[in-house]
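Take this structure, written in structure tokens, and hold onto it; I'll ask about it next.
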């Protein structure tokens, strides 16, 4: 993150969209930030065929990637600076079938040294969202160099 | 998994390599199974530039994908059939820098309905392995149709 | 759980209070069920001196006990029968200081074979609640004999 | 922890036994440290009737207490100072039946700011150990005042 901390949801969203573009892996997969504010994030991911596993569902690694990244953005904006995921846990609760994934995360508890965040991942099929994964993780500030 | 359960490490490895090829996402990323036996798995992943994040490390989503998949293979072979990850948890302990990732997993406790597995992910740089992530997860059999 | 599933919050609460009394460890600690309904639970625990650690806070084991039990009740009522915690994860976010702990849990995703539940644990001091732990876990039905 | 860091397994053990006595909750439950060294710990707990749940097994909260504490000691000795559990995850894999619980933990990855530790909990019945829980957690140094 830059030193200037965004002060509006629009500014956070622009910042996040720029940030995500700097990640080659996020570009490869095609993830988009569709919402960002202090302590809250929403990432969306169109489910192209290459993101599936052998049964036609989104691969678990795709779902966990999106959850992990959404957690990081929720925690990073809560902490007000560049951040990374220290650890997280994810429960898969339903096969991720549909045309898109949406991950929504928020900071549940924010301190000076960590933000504990929660995330739900939904699969969107025919316009209907179904919960497919539930996650929780610890986000920490990136140490200053 | 097919009904015929492999009975040797070689047969497991062939089975696993075939299985991984059926996953479009694993092919996209370039993951390989380099070891497989009852209750044990090793997956390797050459770190091409598109798998990195903005700091030049492997993206966390790549590391967790590899851990998740290694856990599934360790648990699936332990349970003796087609399996999936119910949930898992991962701690990132060091930036994943180098030319390759290697994930090694094993089943720590195997029952009829679940295998609880552990996984370490190593980054290989200049031939030296360094531990970069530590994971634990629950693998369950795929319900028969 | 008995075969007759409670159909009101009052009936759930009576059932839960009876159930908790059958656990010697819960009686030893002094936990109480103060709210119970389908997919929701609230447990309370007065912080007697014997529940503390060396710094005067509630021992982490006390906090995790309460979270674990609240998760089980939320999942058990969601699943509609006797249930147990398959696994859970907890983040401690603040020292648990005060005269009482309150754990509130709910089922975030309920299926036939599992309920994925979330729980917050609060420490109450001078009447004010402060979040001290955040948990997530998997509750499964007890197999019929 | 005191400022003088123990330099032998015997010294660590004495230190740990003294430390555990300062925790009222550990005394209430009756936990004992039966092994301690840099990055390794073993805690034992005789299963008195008051530690059980309604089915005659050790209550999950007792098992998770022991795992949590063993993780903290393994991480604290690895980090070389007073430490606490930031978060942990536990899988219950078998009912804890028997006369004693034994938790063995070790630091899998130790850095300056955290130790990621693993723990197995065994139930001892008629002298035979059976694995009943598998845990992983993050231990951090207690901030200096």
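We call the chains A, B, C and D, going by the order they appear; numbering starts again at 1 in every chain.
Keep in mind that, in the parts below, a residue touches a chain if its C-beta (ideal position, glycine included) is under 8 Å from a C-beta of that chain, and two chains touch if they have at least 3 such contacts.
Every value quoted in this text rests on a predicted model; they were computed, and no experiment measured them.
Visitor: For the pairs A-B and B-C, output the one whose chains share more C-beta pairs in contact.
Guide: A-B
Visitor: Using C-alpha centroids, which chain lies at the maximum separation from chain B?
Guide: Chain C.
Visitor: Centre to centre, by mean C-alpha position, how many angstrom separate chain B and chain D?
Guide: Whole-Å distance between the two chain centres: 29.
Visitor: What is the distance, in whole Å, between the centres of chain A and chain B, each centre taken as the mean of its C-alpha atoms?
Guide: Chain centroid spacing, chain A to chain B, equals 22 Å.
Visitor: Using the average of all C-alpha atoms in each chain as its centre, how far is it in Å between chain B and chain C?
Guide: 34
Visitor: For chain D, which residues are shared contacts with two or more other chains?
Guide: Correct list: 86-87, 89, 91, 114, 116, 138.
Visitor: Contact residues on chain B for chain A in the complex?
Guide: 19, 22-29, 49-54, 59-62, 64-66, 68-69, 72, 84-92
Visitor: Chain D touches which residues of chain B in the complex?
Guide: Residues 89, 91, 93-94, 108-109, 111, 114, 116, 118, 120, 131, 134-136, 138.
Visitor: Could you please specify the touching residues of chain D with respect to chain A in the complex?
Guide: 86-87, 89, 114, 116, 138
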